[in-house]
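Listed next: structures, encoded as structure tokens.
Across the two complexes that follow, chain A remains constant while its partner is chain B and subsequently chain C.
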Partner chain A sequence: MDYNFHWRPVFRDLPDLVEAGFVTLQVAVLSMLIGMACGIVLAIMRMHGSAPLRWVAVSWIELARNTPALFQLFFFGFGLGAFGLHLSPFLIVLCGLTFNNAGYLAENFRGGFQAIPETQMRAARSLGMTAAQAYIRIIIPQVLRLVYHPMTNQMVWAVLMSSLGMLVGFRELSGETQFFASRTFRIFEYFAVTAVIYYVIVKFILGSSRLLAFRLFRY
Partner chain B sequence: MIEVSELHKRFKDLHVLKGINLVVEKGVVLSIVGASGSGKSTLLYCINALEAIDSGTITVDGEDVHAKGTDINRLRRKLGMVFQQWNSFPHLTALENVALSPRIVRKLSRAESRDIAAKQLEHVGLGDKLNSYPSALSGGQQQRLAIARALAMEPSYMLFDEATSALDPELVGEVLDTMRLLAEEGMTMICVTHEMGFARDVSDRVAYVHDGTIEEIGPPEQIFGDPQSDNTRRFLAKVR
Partner chain C sequence: MESSLNFFTGFKVLDLLFLGEAAARTLLISGISIASGTVLGVLFGWLLYEGRIFGSLTLAPVLDVFRSVPLIIQLVLFYNFAPIIGLSLDPFACGAAVLTIYTAALVANVARGGIEAVAMPLRRASRSLGMTYWQDMMYVVAPIGMRTVFPAWVGVALGVMKDSALVSVLGYIELLKASQILITRTQEPFLILAVAGAFYFALSFPVARFADRLEQRWSQ
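Let's look at the complex of A and B:
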């Protein structure tokens, strides 16, 4: 083996890579927040919606869970593009990840909702709360605790999945790495360093998630 | 006044309530006794519309509970309810459990609702547990918390659905004492109960429900001392 490592160019570009890491984190967090909101709505639609609403929810969930995430990104990129709707690379990745997150989270939420005794809803309604108030004040806070750890997993997954953005021209961490690597042909070195950055991001998320849980769940 | 007339309720093929007629005047404590599955709890759930009804009418202070135009959320404020499974909200402290609905349903300020909550918790003997989570409370304490939570809405009526049935025997007393206290304060109460001692000592009237109808209703001395119906007699002989 006569490959000579050249780390210098990677370290020169490190600030740019770290900056791209923040782009990755940003798109993952956004896709997670919007995905959570969509996931809760999808779970409720699937459990209590009328037939058409249920159909929409089931289709969304089935597509998100049973097709490659890459194809979902391509749909928002090339798919919509074919109909003349051109989203920016950022929006393609955001929409694709959100679609995917929402599908997975909806099933987590559904399990969570089913684990809350029906009597909690009855007790809330008996106090004069509307169904919406009961969901927001009583049911959803308990569900969020139940699905907290699966949600953390999904958040990590969103960070790693965002690397697919590279394939639709989004300059997140992987896209940026690809760009620098192809300029210098130091492909191994660049991606090795990028892997470390991903690792740090994920560790950061797991740590913050633990701290947040400690703050949130006193009971 | 709560008036129930010709109430029928079915769960699919099961005809649970078969023409209930009942009047509960202000200030009256009514105990409803009867075998499991006779429809006692279902009757209670129909009164505050947690269950839909098939036919008949239920009015609370003249307002038809199951009519289409009724604002049921507003009407439920008059009807405090305590469940067999106490249903405290596990993610909220005792104070927050009680203060939540005054704030978001009665639209009181945060401070006002906390004052009311603290007062009601004091009332049921939980004044030292304001910041405890339900998981740190015993079953009896959680049931008293549920009573305080219902009272914080300042209801005109209290509905108790077997409030002591799920409790350990040594905790039943504290909850019954709280219910007795409310009765003495003049609260109008409908208590579905298996506690014959409570029914006899505290209620003004006792109704015996048998197979979806009210078999017999009257003052406790009559129901327990001189029951008119054979079914009532047989039931009382079994539970005594």
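Let's look at the complex of A and C:
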């Protein structure tokens, strides 16, 4: 083994890498929030929608779950280019991740909705709430509590998936690392540090979600 | 009339063959990784279960790393680390090795869940009937545990099949990389991506459906 590790350039660029880590976190959180909203709508569409609505929901969900995330990113990146629609790298990653998250979350939400007794809905309606009110004030809060843990997992997946941004030219943590690594050819050192940063981000998410659960579910 | 040079050529029938070959390579690398990763993962799962505190202090954090770092980073790291320790691996071997460990890390938890799903009184009963530890494992734990976690395992296997698309960063030409090459040449991204996506979908969707149905039938 006659390889000399050079960590100095990595530590010099460490502040930039950490900053890129925040970009990763930002795109993951954003895609998660939009994905949750889409996921709830998709789940309701799949359960109660008319035939065309249900068809849209089912095909979105199944496409998101049965094709690689990278394929979905490429689709938003190159595929839409065929129609003259060119998204910025940030939007490509955001759309791809949101599409994927919404598909997986919709199935979680569907399980959650089915676990809520039907009487909850009927009671809310007979108290004079409209259907929308009943969903927003009665059903969805309970569902969110039920699917809290799958949602945490999905959040972790979103962070890990955002690393694919590297392949569509988005400068989040992985993209930034590749940029620096190709400047110095210290590929191993740079990616080793990036792996550590990802590990810290994931542990941070899991830890804070546990704290949040502690605060939210102490009834 | 047409004097400008054209660098792009249209999508030909022969290109379908190219895509098919690439699809076979996707199947090959994911098949090998899933098979070897499952064997390794079941072993790890058994170690986690029997290791108790020791296992959850040593093996579990190591496996956890593989689930907390993006696969793409793992691939790049290993591909650049192998030459440092004097291994010269081609992209296929490298990708298969990383995917195997990744699968094993995911399957380990599934396998441990399977062993834990078998009620302890049942196992005590088999032991008091005179079965040895391994007989108990083979004839009692394996059939019952496998039933409970089979759908989860199918999920992991399909996930790895889809994640095998990432091996393209090392230069291994699997389905998605092949479609990217074709897109560069033909400038018909929508058609080619649709073909590639349809292939993944055709592979993943029926298996996922089958596992769902099995889960429903077994849970009755």
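The rule we apply is simple: the second predicted complex is superposed on the first by the 219 of 219 C-alpha atoms of A that agree within 3 Å, B and C clash if a C-alpha of one lies under 4 Å from a C-alpha of the other, contacts with A are read in each partner's own complex, and residues count from 1 in each chain.
Following the convention adopted for this analysis, a contact is a pair of C-beta atoms (placed from the backbone, for glycine too) under 8 Å apart; a residue touches a chain by one contact, two chains touch by 3 or more.
Keep in mind that this is a model prediction, so the values were computed, not measured.
*Asks:* First (chain B), second (chain C), both or neither: which does A:F83 touch?
*Replies:* The answer is second: A:F83 touches chain C but not chain B.
*Asks:* Please tell me which partner, chain B or chain C, touches more residues of chain A.
*Replies:* Of chain B and chain C, the partner in contact with more residues of chain A is C.
*Asks:* I'd like to know which partner A:A195 touches here: chain B for first, chain C for second, both or neither.
*Replies:* A:A195 sits against chain C, while chain B stays out of touch.
*Asks:* So in the superposed three-chain picture, is A:L167 touching just chain B, just chain C, both, or none of them (first/second/both/neither)?
*Replies:* The answer is second: A:L167 touches chain C but not chain B.
*Asks:* Based on the superposed arrangement, let me know which partner A:L70 touches: chain B (first), chain C (second), both, or neither?
*Replies:* So A:L70 only meets chain C here.
*Asks:* For A:Y3, using the defined touch cut-off, is the partner it touches chain B, chain C, both, or neither? Pick first, second, both or neither.
*Replies:* Only chain C; A:Y3 stays clear of chain B.
*Asks:* Return first, second, both or neither, reflecting whether A:R145 touches chain B, chain C, both chains, or no partner chain.
*Replies:* first
*Asks:* Which chain A residues contact chain B in one complex and chain C in the other?
*Replies:* Shared contact residues on chain A: none.
*Asks:* Quick one: which bits of chain B touch chain A in the complex? Just the residue numbers, please.
*Replies:* So the residues of chain B touching chain A come out as 48, 50, 73-74, 76-77, 79-81, 83, 85, 87, 89-91, 100-101, 104-106, 133-135, 146, 149-150, 153.
*Asks:* Considering the complex alone, what residue numbers of chain A touch chain B?
*Replies:* 117, 119-120, 122-130, 133, 137-138, 141-142, 145, 218-219
*Asks:* In their complex, what parts of chain C are in touch with chain A?
*Replies:* Interface residues on the chain C side: 65, 68-74, 76-77, 80-81, 83-86, 158, 162-163, 165-166, 168-169, 176, 179-180, 183, 188-191, 193-194, 196-197, 200-201, 204-205, 208.
*Asks:* Where on chain A is chain C touching in the complex?
*Replies:* Interface residues on the chain A side: 1, 3, 62-63, 65-71, 74-75, 78-79, 81-83, 156, 160-161, 163-164, 166-167, 174, 187-188, 191-192, 194-195, 198-199, 202-203.
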